[in-house]
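Everything below concerns the one structure shown next.
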Amino acid sequence: MTISLINLNADLGESFGAWHMGDDPALLQIVNSANVACGFHAGDPAIMRDTVRLALQRGVSIGAHPSYPDLQGFGRRVMQMSAQDLEATILYQVGALQAMAAAEGGRVTHVKPHGALNNVACADAAVAATVVRAVQSLDRSLILLAPAHSVLVKAAEAAGQPVRYEVFADRAYLDDGQLMPRSQPGAVLHEAQECVDHVLRMLKAQAIVTASGKHLPTRIDSICVHGDGPEAVATARAIRQALEQAGYTLAPLDCLPG
Amino acid sequence: MTISLINLNADLGESFGAWHMGDDPALLQIVNSANVACGFHAGDPAIMRDTVRLALQRGVSIGAHPSYPDLQGFGRRVMQMSAQDLEATILYQVGALQAMAAAEGGRVTHVKPHGALNNVACADAAVAATVVRAVQSLDRSLILLAPAHSVLVKAAEAAGQPVRYEVFADRAYLDDGQLMPRSQPGAVLHEAQECVDHVLRMLKAQAIVTASGKHLPTRIDSICVHGDGPEAVATARAIRQALEQAGYTLAPLDCLPG
Amino acid sequence: MTISLINLNADLGESFGAWHMGDDPALLQIVNSANVACGFHAGDPAIMRDTVRLALQRGVSIGAHPSYPDLQGFGRRVMQMSAQDLEATILYQVGALQAMAAAEGGRVTHVKPHGALNNVACADAAVAATVVRAVQSLDRSLILLAPAHSVLVKAAEAAGQPVRYEVFADRAYLDDGQLMPRSQPGAVLHEAQECVDHVLRMLKAQAIVTASGKHLPTRIDSICVHGDGPEAVATARAIRQALEQAGYTLAPLDCLPG
Amino acid sequence: MTISLINLNADLGESFGAWHMGDDPALLQIVNSANVACGFHAGDPAIMRDTVRLALQRGVSIGAHPSYPDLQGFGRRVMQMSAQDLEATILYQVGALQAMAAAEGGRVTHVKPHGALNNVACADAAVAATVVRAVQSLDRSLILLAPAHSVLVKAAEAAGQPVRYEVFADRAYLDDGQLMPRSQPGAVLHEAQECVDHVLRMLKAQAIVTASGKHLPTRIDSICVHGDGPEAVATARAIRQALEQAGYTLAPLDCLPG
């Protein structure tokens, strides 16, 4: 008997102080792994702890979602940082979240860089190596969650750090495996059914299926979904249902085979 | 044969970005335990990591020095925070430092609140309980370093969290065991010899010796010294030498008996 | 012929970066004067400028809404600041908003402290004097918008700085003229009609009408309304309509007689 | 009779909270114009106000020194910002300093971008235009202080905004008029006499004199000197004395002809 395991991940805990963002309780009923903001682009300490507690209650595994230090820009603006500063900045954020997890009786099992830092780490080998070095210096068993066909995946594998491959449910891909820039028409899939079809097609092919129809073979461990807006939650739910109907067993990232 | 153990502690890693503060390399040759700033009143991630590395190289034990979130005020201004926010804020900072220690092959063995937070925690039972709860929720073996005769000591003991008692080398005490406010004449001892005498007198008496000469019996585990300015470093060095000449063995906080 | 002038004011521009708060476009159709967040509790520079532009387009007069430096706490937490730091902090924020107004062809005509700073300035004469000194050192014609029967009103008048008196549409008053604490039942009026009646009653009496029915005579220049949530906007609109039906002419703060 | 006017400018007010940087009192006896940090890379509100007060007492003209929002990186790290965000960010900082100047009875007469923002604005026409637009929207008489042969000079002139040309006393130039990168040997002149010779040579030639000896003709209005470290202050003083001995009259930026 074969079990096909798959993971759904989403960014959570992105409120800050008096400001609210996202429907975390709804998403935590859908996904298996949460990328939790660590205070540098969103998520103050109290929100981090509340998010961790809710995730643990739902059996959702916890990942750190470190960012450039940029609350105003929500971590979406590239910042020039030395390797030394960047490495320490990532350590700082992951450690802060580990404390929340420890206080709530759980632990951080993966790391996924956020926003501009993720974009740079997916394309720039030096930054990717810095991210991996930070994670590895902290814990050689911490999983990196990284986009399939990214430089970040390669850096993690070169260093022998565990890595899981993600694809995006709502984003079109270029033929080189990169995400189509949001500025191009068709870059973002808006309909739930489109997203479901996109995900199932890639899983069946075990490949990134690009906008032109090209197949780029890859392992796929996790599907990234979003939770901003009622439609996004409905789409995430539809993807989960479709995966279950297709015979997949959903599991936290740390329960997937390496 | 009896060994008299004593600890010297100091606040370290209080630079930030391009701004320098304190003579950490000199102090790390004198003290046995470092209270390391965690980014909220001083100490950016890179400085935290560098401080931890240097401390480990010198065999100096590492403590977290969490603060109210107030870089501009250097953590010296009281802030009204809910217990929930304060507890998470402390967890966040201690966790961030734990990650630095882990990355450098060490660990955080004590926590000492900084500045205004320490002042409030020493006098306000509810805040003291919040500090202890944060530390305890993270690790039941983390030592609280707290002033002798403070409410914070009582809170730690009531909760069964390890606590070590400190006295200040350069501060005069009131008859109720509190520090004389800096605004009063004689509150701060400026001469090295004055500080040495003050410390030896208290250790011999196993008591806080107040400005009026009153003795308030207490266990004394650690002497807090300062490192801002060349005289402060010389004073700290003089205290260490006097302790060694008096037959004391200096030891990191986590090597003292509970 | 007599014209009865009255002003409606509200806090605006309280989004920050990617986080949204309040329905500013709706409120700007209702109120005559906007208290614009200046970056210390909410409102990044781009949001400040957008808010100023929208206000000017609607003929709404612009006020600075300075706060303690506390984004995470939304300026609702008391902070211990020296008079010198607080005065400079207020100058900084008002100046930043003045630049936005100048760039958009308008100007800042009033100042209203935000949140915890306002609460403290309404009760503590030293802080009230500091606030007034900051405003006065910048521009002797800048209007202070302050709660009737507050220490802040007295401080402004003692210094000869223009001041306008506000009452709150949705808050019950104690017999000493202070707001009933939110922790007490009945402190906040939730129904639009309740608020309308409260406002008209106070205007008619030219007095604060307390929860017990007592009248505390006062000039009333402005009514403070809120915009968080659809009901709040509907309530604000109802108050405006009731005032117009009662024969009042609504006007920006700087068009009211001194 | 001819008067040869020249200006000396320096960055000031770069302390922050408890952290000290630079010898402002010494520099204010030497330079004629101060570029005052505005809180985003250094300079909290109280320090800004103190710096402005001291400058006014010494007859030193006041310029705003706006930066990317990056205290930890001291504004030396490039940040990706939209034109809209950058423009508002500059307005915000200049406005904040204008308030300090107004409160102290003076005014801000020039603007000089700081650090990474200056570097980018000197090379990238779009960013240069954004900087000029911010300044111009605030006050069409505000002087931009910009490096000779920079894109920023061109942007200011194209927009009709007043601009003054500066050269650096302690930096070598490449043949294209750009500063030699600090990574190259000889990029920074360390000896006071070297700096004095460099400045006099450029003034005599009315040209940037490059490291290879090439002359790039340019107007020169101002010499930028530095104040970090006792040698830097001595060098600045030597330059001032050499200029006076060479017959130059030193004057604030706003007293130079356009």
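Order of writing sets the labels: A, B, C and D. Residues in every chain begin at 1.
Please note the rule applied: contacts are C-beta pairs under 8 Å (C-beta built on N, C-alpha and C of every residue); 3 or more make two chains touch, one makes a residue touch a chain.
Since this is a predicted model, take the numbers as computed values, not measurements.
Of all chains in the assembly, those touching chain C and also chain D are A, B. Centre-to-centre separation between chain B and chain C, using Cα means, comes to 44 Å.
Averaged C-alpha coordinates give centres for chain A and chain B that are 39 Å from one another. Residue positions 44, 72-73, 85 of chain D are each in touch with at least two other chains. Taken chain by chain, the contacts link every pair, so each chain touches all the others. Chain A contributes residues 39, 44-46, 48-49, 84-85, 88-89, 91-100, 102-103, 134, 137-139 to its touches with chain B in the complex.
Looking at the complex, you find that chain D touches chain A at residues 69-70, 72-73, 77-81, 85, 116. Across the interface of their complex, chain B is touched by residues 15-21, 42, 44, 71-74, 76 of chain D.
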